Amino acid sequence: MNMNDVLIAILVLIVAPIVGCLAAGIDRRITARLQGRVGPPLLQPYYDVRKLLSKDNMVVNKSQNFFVVVYLVFIVLSLLMLIFRQDILMIIFVYTVASIALVVGGMSTGSPYARIGSSREIMAILAYEPILILYALAIYLLTGTFKLSAVVDASTPLLAYTPLIFIAMIFVLNIKLKKSPFDYSTSHHAHQELVKGMLTEYSGPGFAIIEVAHFYEYVFLTGLLFVFWTVNPLIGFLLSTAAFLLVIVIDNITARIYWQWMLKLSWTFLLGISIVNIAFLYFSGVKL
Amino acid sequence: MLENTIEATEIKNGAELLKTVEGLKNDGYRYATMICLKANDGHDFIYIFDKDYKLKNLRYFVKPGEKPKSVSGIYLCALLIENEYQDLFGLTFEGLAIDFKGHLYLTPNSPKAPLA
Amino acid sequence: MSLAKSPWIIHVNCNSCNGCDIEVVACLTPLYDAERFGVLNIGTPKQADIMVVTGSINYKNVNVLKNIYNQIPDPKVVLAVGACASTGGIFHDCYNVIGGVDQIIPVDAYVPGCCPRPEAILDGVVAALSILESKSQGKIKGKEVKLKGNEVPSNA
Amino acid sequence: MTTVIPFGPQHPVLPEPVSLKLEIDNDVVVGALPSLGYVHRGLEKFIDTKDYNQTTYICERICGICSALHGITYTMAVEKLFDVEIPERAQYIRVIIGELNRVHSHLLWLGLFADGFGFESLFYECWKYRETVLDVLERITGNRVIHSISKVGGASKDLTKEHIDLILKMCDTVEPQVKDLEKVFVNNYSVKQRLVGLATMSKQLAYEAGTAGPTLRGSGNSIDLRESADWDIYKDLGFKPAVEKDGDCYARTKVRITELYDSFKLLRNAISKMPNGEITTPIKGFPTGEAIMRTEQPRGEVVYYVKGKGTKNLERLKIRTPTFANIPSLLLTLPGIKLADVPIVVLTIDPCISCTER
Amino acid sequence: MGMLNLVLTNISRKPATRLYPFEIRAPYAEFKGKIVFNPENCILCGICQKKCPPDAIKVTKDEKKWELNVFRCIMCTECVTSCPKDCIIISNERAKTGAKEYIKILVPKVDTPKAAPPK
C-alpha cells in the first residue's frame, strides 16, 4: 500500500457520502415529481442527518450501537475494496456481513416490528445473495480470476457477455435500496405495515449513522453496476444512473408485494436468467 | 302520551326472546341493532331486524336486577352492542360470545355506567 | 438551524373525529406537500421531533399519549391541532373526555379551527419549528410525564 | 408457538387508533381481538345538556369523513318526530351534499387503501383529485370537512346557480380522473397480487354477520338503503345499487369505484331535476315520540333512533354506525391471513373508529 | 400500465403543489374563518351564549363583557344567525395559529334588551 492509495481511500471516504447524499436527495426529489409534488430540497438527506446527530440517542440496549457501527464499517470496507478492485467474492461477503449486522441489531431490540422487519430482511438477503454470487462467478468465467482489476483492465465491457445478469442486478439494486415492490423490511417513506421495520428502535445519532451508511451503500450498489462497463467510465456512469432511475420509476408504479413473491421471483426468474447467462459463458468459453 | 311510536312486538321473557330471534334468523332477517332505554327502574330493549328494507322490532322489558339473555350466540354481530350496554348501563348479559367485562370503552378510572 | 430544516412529525390521534386527521394527512399530499420543508410523517416516536396531536383526551388513551410523549427524544415540540386538542372543543363536557391535550402534556403551539385548514396546520408546523430551534439552543428538555396506572390530573 | 402483536392503537397505516391484538403463528394470523375505546367520548349522553338543534352539530362531529350524512340522517330522524315534510328543494340539496360527501369519502378511502398496500404514488394521486371535490364543498358550505348543511326543518344554505356550475364542472373533471384510477386499481399486476382472493366472505356469511355498505355489497348482496323507502327521493333519480359477487378485497374496491360513477350520475340527475322554492319549513314545538331513520353512508347503513319527551332536549339518541356493524366481520376474516395483509383487511371495511365508538 | 402513464404525466407537468407560505390563494368568500364581534350594538342578551354548541361564548352582564374562546369555537355560525342585533359576523380570514387566544371585548353601550331573552 503506497501513499497514493491512502490518499484515494481518504478521498473516497469523503466524496462517497456526498455523492450518496446527493443521490438520496435526487431520489426523493424525483419521487416527489413523479407523484406531482415539488418535493424536498436536494440537500434534505444531509439536513436529516445533521438533525439526527443533534438529537438524544435513545437505545433499548448498548449492543444496538455496536451493530450500527459494524454496519457502517463493513459498508465502507466493501466500498473501499470495490474502489481498489479487490476480490469480488470477498467484497460480496464483506457486504453481507454489513447487512447481517443490521439484521442482528434489529433483532436485538425485542420490538415486534423490528423483529419481523429483520426476519424479512433475512428473506431479502436470501433472495439476492445467489444472484450476487452468480455475478461473481460470471466475472470468474470471463477473466479466470475473481479480481475485479481483470475486468477493469479488459478491453471489452462486461455487459457484452452478461446482459441477463445485468437485468438480475437491477432487481438486486431494487431489493437493496428497499424500494417498492420489495420494501417490506424498512423504507424511508412506506410505513404501513411495520412502522419503520427493523429500524424502528433506532433514534438520534444511531439512526444518523445508518443514514450515512446508506449513502455509502448507494455508491457501492451503483458501483456494482458501474463494473458492467468500465471500458468507458462515462458509459458506465450513465448505465448505473439509468438503472437507478429505473428503480425509482418502478418504485412508483408498483404496490408492495409479499416476501414470498420476492423469493419466488428471485429463485425462479432471476436465478433462471442468471444461470442461462452463466451456462452461455461456460459453454462458449468467451473471455474478456 | 307519546305520538309516533315505532311498531314493536312485545316479548315477555328471556326464553321467548331467544326463540323469536332464532325464528327471525331462520326467516332471513339481518340483525341491525338493539336499543336500550331506561324505563320504570328497569331497561327497555328494542331489537331491530331488517329484511328487504323492512324493519321488524321486538320490545323486551328487563326487570330491575334481571340478567338479560345475550343473542350473540345466534347473531355473532350482537356482541359489540351488548358489550357496549354492559359499559354504559352497567348491565350483565348472560352468554356473551366475547365478554369485555364492562371495559369495552371504559377503563377502571372512567365514570361508571354513565347512561344509567 | 439544524432542526428547522428537517422536522419529522408523529401524528397521534387521541379522541378526534377524523376531521383533523385527514387534514393532517392532506398536508402531506401533493397540493400542500409538507415535504418541501423536510416534514416526514414518521411512524415511530423515537425518530420524531414534532408531535402532532388531534382530538381531546379520554380515560383510555391518556396512557398511550404519555407513552408516546416520553418516547420522543429531546428536543421535542407538541402541536395541538384543532379545537378538541386545544380545549376539548365541542366535546369538552362529555363524560369520558378529560379535556385538551395540555391537561396531560405540555403543549407548545395550538392550531384553531374545526377542522383547521391544511394551511393552518402548516402554519402551526412553522410556528413549532421556531420553538424547536429555541429549545435546542437552550437545551430545554421536555419533562418526563409520569405513568402511574390510569391516573388523571385532579383538575380535569 | 404464537406471538401476540399489538396492532395499534397508534399505527401509522390508519390515522385512527384502531387496536387489534393479533396472535401470530409464523406470519399467519390465528386470532384477532379488537380493543376499542380509544375514541369513546360519550356523545349519546350529550343530549341531556344540548337541545335538539345543537345536537345536529354534535352528530356531524361523530365522524369527520361522513359528517354531512350524519347530520342529514339526524335531522331527518328528528323531522320524523315532528311529522313534517320538508321542501323538495331542501331534500335535493341534502342529496347533492350527501353525494359530494360520498365522492370525497370514497376517494379518501381509495387513497388510504393504496397506502395500505404500500402504493405511495397512487395514494397521492387519489388525494390530489379529492382536493377538487373539497374545493367545491368549501365554496358551497364554507368548510372543507364539516359541512353543516342540514338543519332540522330543511337546509341551512341554498345552492346558487354558481354553485351548480361548480358541481357540474367538478363532475366533468373528476370523472375521467376516476377512470384513470380505476385502470390502476383494477388492472395493475401488483395491486391484483395483493387484493384478489383476500379475506373472502360468502354472500350468506356477509349477510349473517350483519355487515353493511360496500362490505355487504361486495359479497353479492344487493342491499343499499338509497333504494329503500326511507329516503324516497333516490327513486326519482334512478338509483341502482352497485354489487360485486366475489366477496374479496378486490370486489369491495370495485364496488366503491362503481359507486363513485353512480354518485356522479346521481349528482347530474339531481341537479337537472332540482325544483325552485323554499329551503326550510318552520318547526314549532318540541319533539315527542320515537323514530328510526336509516340512510346509506359511504361506509354503509347508519341507524338513528331518537326519542323525544316533549322538551327541547331529546330523551334518547342511539346511533348504530356502519363500522360498528362491520367490525364483527373482521373477527371472521382476519384469522388465516398473512400479517402483511392485516392493514389491507382492516382497511377494506373502511373503518371509522370515531363512528364506532362515538 | 395505467400507473406508468399517471407518473409520467405528473413529471412532465408542473407539480400540483401550491407553495403555501409564498403563494397564498385568496380565501373563498364563503369560507368560515373566524368570528368577528362588533360591540357597538350589543345588548348583552346572551342568546349567542345559549345557542353556542361548544359553549365558547360567555356573556357576563354585570361586567358588560363578551368573551369568545377562539380555540373552542367550531365555526357553526349559530351565533351569527341568532344575534338579534347582527353584532356577530363571520370573516373569511383564518384565526391565528400559535398561543391560546381569548377574545374579551367590553361592550360600551347597553340598552335595556327590547326582546326578553328566552328562558
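Read from first to last, the chains carry the letters A, B, C, D and E; within each, the first residue is number 1.
Convention: contacts are C-beta pairs under 8 Å (C-beta built on N, C-alpha and C of every residue); 3 or more make two chains touch, one makes a residue touch a chain.
Because the structure is a prediction, the values reported are computed rather than measured.
Asker: Which contact partners do subunit A and subunit D have in common?
Answerer: C, E
Asker: Across the interfaces D-E and A-C, which one involves more C-beta pairs in contact?
Answerer: A-C
Asker: Taking each chain's centre as the mean of its CA atoms, which one is farthest from the centre of subunit E?
Answerer: If we average the C-alpha coordinates per chain, A ends up farthest from subunit E.
Asker: How many angstrom between the C-alpha centroids of subunit C and subunit A?
Answerer: 36
Asker: How many Å are there between the centre of subunit B and the centre of subunit C, using C-alpha atoms for each centre?
Answerer: Centres of subunit B and subunit C (C-alpha means) sit 39 Å apart.
Asker: Centroid of subunit B to centroid of subunit D, CA atoms only: how many Å?
Answerer: Computed value for the inter-centroid distance: 25 Å.
Asker: Multi-chain contacts only, two chains or more: what residues does subunit D have there?
Answerer: Only 11-12, 37, 40, 42, 45, 57-58, 61, 121-122, 124-125, 128, 143, 146, 188 qualify.
Asker: Give me the residues of subunit A that touch two or more other chains.
Answerer: In subunit A, 32, 34-39, 189, 191, 195, 252-254 touch at least two other chains.
Asker: By the touch rule stated above, which residues of subunit B touch at least two different other chains?
Answerer: Within subunit B, residues 105-107, 114 contact more than one other chain.
Asker: Please give all chain pairs that are in touch with each other.
Answerer: Every pair of chains in contact is listed here: A-C, A-D, A-E, B-C, B-D, C-D, C-E, D-E.
Asker: Give every residue of subunit E touching subunit D within the complex, in rising order.
Answerer: It comes out as residues 2-3, 5-7, 16, 28, 30-32, 51, 53, 74-78, 90.
Asker: Over in the complex, which subunit C residues touch subunit B? Could you list them?
Answerer: Residues of subunit C touching subunit B: 58-60, 95-96, 149-152.
Asker: Which residues, counting only subunit D, touch subunit B once they are in their complex?
Answerer: Contact set of subunit D toward subunit B: 33, 36-37, 40, 42, 44-45, 80-81, 83, 207-211, 223, 225, 227-230, 288-292, 294, 301, 303, 305, 307, 315-316, 318, 320, 324-325, 327-329, 331-332, 357.
Asker: Taking the complex as given, what residues does subunit D use to touch subunit A?
Answerer: These residues of subunit D touch subunit A: 3, 5-6, 11-13, 27, 114-122, 124-125, 128, 188-191, 193-194, 338-340, 342-343.
Asker: Can you check the complex and tell me which residues of subunit E touch subunit A?
Answerer: Spelled out, the residues of subunit E in touch with subunit A are 3-4, 7, 10-11, 13, 15-17, 19.
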